[in-house]
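Letters A, B and C mark the chains as written, and numbering starts fresh at 1 in each.
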Amino acid sequence: MLKGRHLIDPLDFSVEELDEIFSFAEEIIAEPKRYSSLCNGKILATLFYEPSTRTRFSFEAAMLRLGGNVIGFSEPNSSSVSKGESIPDTIRTVGSYADIIAMRHPKEGAQKYVSHYSPVPIINAGDGGHQHPTQTLTDLLTIRKEKGSFDNLIIGICGDLKFGRTTHSLIKAMSRYKNVSFVLISPQELKIPDYIKTEILDSKCIKYLEVEKLEDVIGDLDILYMTRVQRERFFNEADYIRLKDSYILDKKKLDLSKKDLKVLHPLPRVNEISIEVDDDPKACYFRQVKNGMFVRMALMAKLLGVV
Amino acid sequence: MLKGRHLIDPLDFSVEELDEIFSFAEEIIAEPKRYSSLCNGKILATLFYEPSTRTRFSFEAAMLRLGGNVIGFSEPNSSSVSKGESIPDTIRTVGSYADIIAMRHPKEGAQKYVSHYSPVPIINAGDGGHQHPTQTLTDLLTIRKEKGSFDNLIIGICGDLKFGRTTHSLIKAMSRYKNVSFVLISPQELKIPDYIKTEILDSKCIKYLEVEKLEDVIGDLDILYMTRVQRERFFNEADYIRLKDSYILDKKKLDLSKKDLKVLHPLPRVNEISIEVDDDPKACYFRQVKNGMFVRMALMAKLLGVV
Amino acid sequence: MLKGRHLIDPLDFSVEELDEIFSFAEEIIAEPKRYSSLCNGKILATLFYEPSTRTRFSFEAAMLRLGGNVIGFSEPNSSSVSKGESIPDTIRTVGSYADIIAMRHPKEGAQKYVSHYSPVPIINAGDGGHQHPTQTLTDLLTIRKEKGSFDNLIIGICGDLKFGRTTHSLIKAMSRYKNVSFVLISPQELKIPDYIKTEILDSKCIKYLEVEKLEDVIGDLDILYMTRVQRERFFNEADYIRLKDSYILDKKKLDLSKKDLKVLHPLPRVNEISIEVDDDPKACYFRQVKNGMFVRMALMAKLLGVV
């Protein structure tokens, strides 16, 4: 039962509950007009204590496409709502006007804290530590749509695996499905944290491989999840120069991949995927953007209990 | 006849006109779905030359819940609309796009001035001197809903009675009803201005009492309207330390009150009401927030002439 | 066929295509309720990388009055959408959420550039060089409505004809109609650029006259398009003092005009039209504001292909 629930952590929902959301998202994708009045009379409040136009637009478009409406602020300095007021009071007030709240906040745990006081469902739209559960839902829906199933996939994750929380959430979420294995592609400095290996991968006997170069493994992958590698993360310049091209996906590397590889990216990208790749059917990242809107539609409809 | 009128001052409407608004607000509260298309095709413009997220959200949610829509700005620096342009020209322009305007402005009297040029109803959403008529409407609707009537009430008003315009408006508005009396609870430095006593209370032979400590009088009250006392308002630190606890409503003081006392607060609160009071049925301030939205729905529908 | 097209330059559409838009705008003006659900389910994104409340409101009200909805930002600092991201990626993302985009940007040519990547129609809502095609559409619709036709008109354009792109666009657009002539009224320093005279007016054998003083020619005009003359544009103070009153339209000058002169102004005005003129039936500029909303309604409906 998803009605009235909050979504704070990507793992708050069971595999079955996620399936319910993804199935409904796919119904919406198939027949968007059928659901265009589903949230008539409902109001989403977008409380962005930190700007994120991309995420805000996705939530707002999602609610509008369900026939609902939106109030909100998009800038920290707009948040006079909190002037001298405790954040629980703010949430109780906003929860008097709106039926559901999407909140982004620079402080880790802010959404969890306020959810205890909220009279309406709270969705974490990103907190300081970049816990960002609707990004994970977007990634999962894209894999499901592109591959038909979550099981039996070899998933490559490439780039900054140390600081990129998106990739941690993806690993945790995908490790709940059958016969999934991971290829973790990163420079030494940016390897996945040990706790992910011991607590998630080893404890569930999930196979994984750690490598330094994308070209060495791209031929084995069913999914390639790209993220950015920032120059300033490297310990020394020589390593950076030696490795940087390994983390850029171009046509040449893509030619080494299986015919049905699917490339995902949470966006925004900088140069880690060459634009020559954009028109290749393997490139899913712009379809992924659209999936992000659809999965938010399904999520909000379920939390509001209108389906 | 309220159609086409402006609301600039809390006393712009007669007791009968207010009754019309409050009765309609109560109808909306009883059957919100019945009125969810009432303002289809109508546009509210929220012109906030000074940020106030709480008030803006209340107006926007109100219009959206009537089936209307909203355009607006929420920040002084967004108001390029007024760059080098006279404010009457701005209002004529916005009045070409929107059907009704809610305007907040740091300058006292700004809304009154522009109302002469506006082709559509203007609602004062707060001006520099904190004339804030929809707050007064919110307070009155809350009293009416909680008590069933405005007559024969003993109303305690506690805190900063000198600078708090909200309390002045409440006294003026409530003094129009039968057999109302006031208990004014404040430190010496923050007593109600003399003109309120002579022009409003004395001239209408309304009974009132001025006291320093809430605990001395709370047992007599039907309504307790709490406001904040700011430390910097006190002339000396000794007085502040001696009195500060008298202006904090906690469970212990609340236990001295009548069974049917109702506690109001315009919010945001800081610490003048202890959170332990929040769950007491006597605490009305979160219901008051919701009433604020409903009374703005009723107000806008009446000014637009759609009912 | 206008469906799916972009509007970047005021001359992007043929005279016939403009007629289609203007005719539809006049239908909307005649029966606004008939079209109030035309864009149900459609979303406009207003991407204002530079604030312009007036233009943004006009677009947003236009979409809302067609039954559509709006997402957007109104401030350069809100545009985190573009942080480290190429503007084509931004547009592809926004085009995944919205059905049509109105974009204002300080850089000349920005909209043209992004239109190559956009999956949805882009409308230029003003770029750095003040190419502002929907202002030109607004001006033209106003002339058509006030005069019944574009042909055989003597059009006076007064003020800063050197830097004011609005006036250049108007000359280019009007020079496509039959037997139109221009009276160009400006100080020497602010005369129309030579290329307009040679490439547009001379090459099409269009009659025009250049004069310094409005009062000398106002009696001949069918249309008077006023713009502002900024003091700082003058080379010397003596010229400014000698001429400044010539560029202010007051009741006295208006009395010299033909009975059916129509005065337009793109707004905002400062003091170049005296407010005593506002109530004269010859003054069209507030009707022009409203036409701006209606022509944007017609434009968006046509680009979206819903009519």
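Quick notes
The working rule: a contact is a pair of C-beta atoms (placed from the backbone, for glycine too) under 8 Å apart; a residue touches a chain by one contact, two chains touch by 3 or more.
Heads up on the chains, UniProt names are A, B, C = Aspartate carbamoyltransferase.
Model, not experiment: these values are computed from the prediction.
Excluding subunit B, the assembly's touch network remains one piece.
Homomeric contact subunit B/subunit C is classed as different-residue, with under half of its interface positions used by both copies.
These two copies of the sequence, subunit A and subunit B, are related by a rotation of 120 degrees on CA atoms, to the nearest 5.
Subunit B and subunit C, compared by their mean Cα positions, are separated by 42 Å. For this pair, subunit A with subunit B, the centres built from the Cα atoms lie 42 Å apart.
Shown for subunit B are the residues that touch two or more other chains, namely 69, 75. Per the touch definition, subunit C reaches subunit A in the complex via residues 40-41, 43, 45, 69, 71, 73, 75, 77-81, 83-85, 89-90, 92-94, 96-98. If you check the complex, the residues on subunit B that touch subunit A are 33, 36, 51-54, 57-58, 60-61, 64-65, 69, 74-75, 267-270, 286, 289-290, 293.
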